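To keep things simple, chains are lettered A, B, C and D as they appear, and every chain counts its residues starting from 1.
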Amino acid sequence: MRVGLFGFGKAGKAVATILLQSPDVHLCWVVRKSNVLQHRSVPEFLGIVDEEQGVIFSKDEWPVQQLLDEHPVDAIIDFSSAEAVLAYGAEAAKREVTIVTAISAYPPETVDFIKNLSRQTAALWSPNITIGVNFMILAGKILKSIAPYTDIEIIEEHFKTKKEVSGTARIIAETLSLDEMSIKSVRAGGIIGKHEIIFGFPYQTVRLIHESITREAFGNGALFAALSLMDRGKGLYSMEDLLIPYFNLR
Amino acid sequence: MRVGLFGFGKAGKAVATILLQSPDVHLCWVVRKSNVLQHRSVPEFLGIVDEEQGVIFSKDEWPVQQLLDEHPVDAIIDFSSAEAVLAYGAEAAKREVTIVTAISAYPPETVDFIKNLSRQTAALWSPNITIGVNFMILAGKILKSIAPYTDIEIIEEHFKTKKEVSGTARIIAETLSLDEMSIKSVRAGGIIGKHEIIFGFPYQTVRLIHESITREAFGNGALFAALSLMDRGKGLYSMEDLLIPYFNLR
Amino acid sequence: MRVGLFGFGKAGKAVATILLQSPDVHLCWVVRKSNVLQHRSVPEFLGIVDEEQGVIFSKDEWPVQQLLDEHPVDAIIDFSSAEAVLAYGAEAAKREVTIVTAISAYPPETVDFIKNLSRQTAALWSPNITIGVNFMILAGKILKSIAPYTDIEIIEEHFKTKKEVSGTARIIAETLSLDEMSIKSVRAGGIIGKHEIIFGFPYQTVRLIHESITREAFGNGALFAALSLMDRGKGLYSMEDLLIPYFNLR
Amino acid sequence: MRVGLFGFGKAGKAVATILLQSPDVHLCWVVRKSNVLQHRSVPEFLGIVDEEQGVIFSKDEWPVQQLLDEHPVDAIIDFSSAEAVLAYGAEAAKREVTIVTAISAYPPETVDFIKNLSRQTAALWSPNITIGVNFMILAGKILKSIAPYTDIEIIEEHFKTKKEVSGTARIIAETLSLDEMSIKSVRAGGIIGKHEIIFGFPYQTVRLIHESITREAFGNGALFAALSLMDRGKGLYSMEDLLIPYFNLR
């Protein structure tokens, strides 16, 4: 699978590292906002020896049409900004290029725009694209349906400078129909990110815990998404949609 | 649902406490090995005020046939010994009384005997009957199918005097096709029981943790099993069988 | 060491169990409020075979003076109510009987009363008398002095019906000069009691965790206190005072 | 304090980052084995804007004598190899330059060599130089002396490819006089490093946990060591020696 990547910030670089190391995909290019590093090789920049993959382009260097014609890809992975999809979306959808975007928040009109694109191609949007977090949310939903009488609480731990409540914790709370008061936020030192869902039974406790180690986890999630969408048709998907089939045990 | 309980050791007493407090079942009697406390009321013994429930019988006091005729029940819950089912099984199955047994190990011929009973009635056998542990095993199975490349390890913690490796940990290892070397056993002080399955992804970690608080957790599991079997037909079931429908999200 | 125990509620019974099993003390008597079980043997009640220890008296049965004359003890352990010490304190102090009280809150005038008693005998008052919690508080104090730049947060988990913030968590916060906002309270199911102090360093995290299993932990703490006070003179002590010598490594 | 750093591998770079950011020290130079990046600025390489600090020298570029004369420092921090100290040690000790080395293993004759150096200057050698781990070891030692009857177990978790048992876990076991069987090693995915000491009391459990986030933790430890040694005289020190004064509460 040939892949193009939008975004080369901290998350984008981590995602590029994963894509370059995967035998299942070929990273054709990265489009970034700034023109620093223009035309440099991604593997060289990341210290990976692989001359054939990944050229870095600047956002303003190519009209998207020409980019997709001269450097065609099967999937676009987007870790850039909320505006990017407006630029590349129509051309990508026309070519039935799969779109995987991990932008944390889109304005409503952009969500509608993506929905429209999904009539022509497979598109996935997920603010948290790690496999672990999405698994945890679904597992939690199931345990709640088995034992609706349990008390559910969420602990999320992050680095001191993270101001707001974790978006992932909010999504967990929403999915499990919990009050925001159920989220306990710990802010301490350099903790990368830990989410814990506690199910209090009268005489036993179940804990589902997800710990982030580095941003590369986003890369594995995006890769999983892009590969899984190969077998799906047109339509708008979430990470949950891709995981649900694994839960159907019989 | 009218319930009879075999076994009044530590686990049996804890299970009786749960059954007495549930609005969904009526505990009709308890059969125990010794004749201490014979004809005493279970609620009185356990300090629960409820005069109508639970008389304690001694094992040798009644022929099972007469017991089931004079004190009919819809389900039998068995926390006694590996022999008990041989005594009550045939009479119970004939009357289509649901059988829920949590005996940790049966000789092969008794397993065959129970299989035979299950042609006439619904029977469930589960060495670990807590909801939490069985949920954890199924959730672990799913996560392994989603991410077969993860490294899976099991930590089980129990009180110092527990000699052997936890049976539950062995079942988890077996279900996830892990080597017994994957089980790390901690023995320290008075820890009631903790099981943790660690899924090591390259850049994230998922932990599924079950902590036992008291033996009453067995009671909730047995109660769940007995009630769930009401809607099932004849056949031999495991706790997994009863939980699987909750996993089918769509 | 001969010991008398005031209080035979849930905590008192658990403490009695520990005292009866210790080779270092002889439990002479228990004084309880109600006259239920009057003159019964403590070991018999608790199912421990030991005929020589522990008679149960009712509070109103004996004038304290006569009790201490006819059934002399070296130490009194008090898990009863805030009033009890007013009744036995003066007579105990006069006889230089060590006083260990674990009452969670005393009115200021009772605190003054105990301070006065401590001029005549060794007296210890500690609202949380477990060794683990008191160790954790002192260790936390030290780590804060080593690394004052760390972010410190407290998570306390208890059973659903516990309404207020854990008193132990408040004491930890106070000792470490933390805002009450640093305490995150989880209330779920039947969790007995867990306290966690998180020290967030920029690139590492230290966690001090205490988990309660049963109330018997109070008994071990009270026993430790009573035995440790044998080597101390008159004065008012806290659990911290008794633990501090162990921290002086050189 | 003027500091020179030996070693610019993964650990060395992380340590340099911390030193550059500290207001308490000035990183004068880094000596590395290879001559790649020779004469480049450390801050520039690490993406930190600070032109005045840190020039990178190659090992073979300078005789140590000339290096220390022309670029004098108050302390040397060594994250390079077991041989380096043999080259710089004598010249550094002669000038009473403090030596902080975090090399994981030295041959016995090098240990003797360092001991000799410590007659002329303050020298510290510690295979694990993080504050958290060393605090945890001392706290564990104290808790064992308070409650020698507890069962102590160690869990250490690291990335899959770490073959041997963690050296830190071995040191913990040794310090607490535990059998190597007490160490349970979990190897899973990309876990950076977690050490947990479990103290099993009969009715409570205490856990001391250290989690590594990144190698920069070594930098904070080395910095703490170098600064603490300013107030000490000549002699050979360990991290424990520097932490012990904080434990003397009275």
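As a convention for this text, a contact is a pair of C-beta atoms (placed from the backbone, for glycine too) under 8 Å apart; a residue touches a chain by one contact, two chains touch by 3 or more.
What you are looking at is a predicted structure, and each value in this text was computed from that prediction instead of being measured.
Peer 1: Could the interface between the copies subunit A and subunit C be described as same, meaning over half of its residue numbers are common to both, or is it different?
Peer 2: Same; most numbers are used by both subunit A and subunit C.
Peer 1: Would you mind telling me which chain pair, C-D or B-C, is linked by more contacting C-beta pairs?
Peer 2: If we tally the C-beta pairs in contact for C-D and B-C, the bigger total goes to C-D.
Peer 1: Based on CA centres, what chain would you say lies at the far end from subunit A?
Peer 2: Result for max centroid distance from subunit A is chain C.
Peer 1: When the C-alpha atoms of subunit C and subunit D are each averaged to a single point, how far apart are the two points in Å?
Peer 2: Computed from C-alpha means, the inter-chain centre distance equals 40 Å.
Peer 1: So the centre of each chain is just the mean of its C-alpha atoms; given that, what is the distance between subunit A and subunit C in Å?
Peer 2: 51
Peer 1: Between subunit B and subunit C, what is the gap in Å from one C-alpha centre to the other?
Peer 2: 37
Peer 1: Send over the residues of subunit C in touch with two or more other chains.
Peer 2: Touching at least two other chains: 189-191, 199, 201-205, 213-214.
Peer 1: Under the stated contact criterion, what part of subunit C meets subunit A in this complex?
Peer 2: On the subunit C side, the touching residues are 150-153, 155, 157, 159-160, 184-191, 198-205.
Peer 1: If we count contacts the way the header does, which residues on subunit B are in touch with subunit C in the complex?
Peer 2: 189-192, 213-214
Peer 1: Going by the contact rule at the top, pick out the subunit A residues touching subunit B in the complex.
Peer 2: 130-132, 135-136, 138-139, 141-143, 145-147, 199, 201-217, 219-220, 243-244, 246-250
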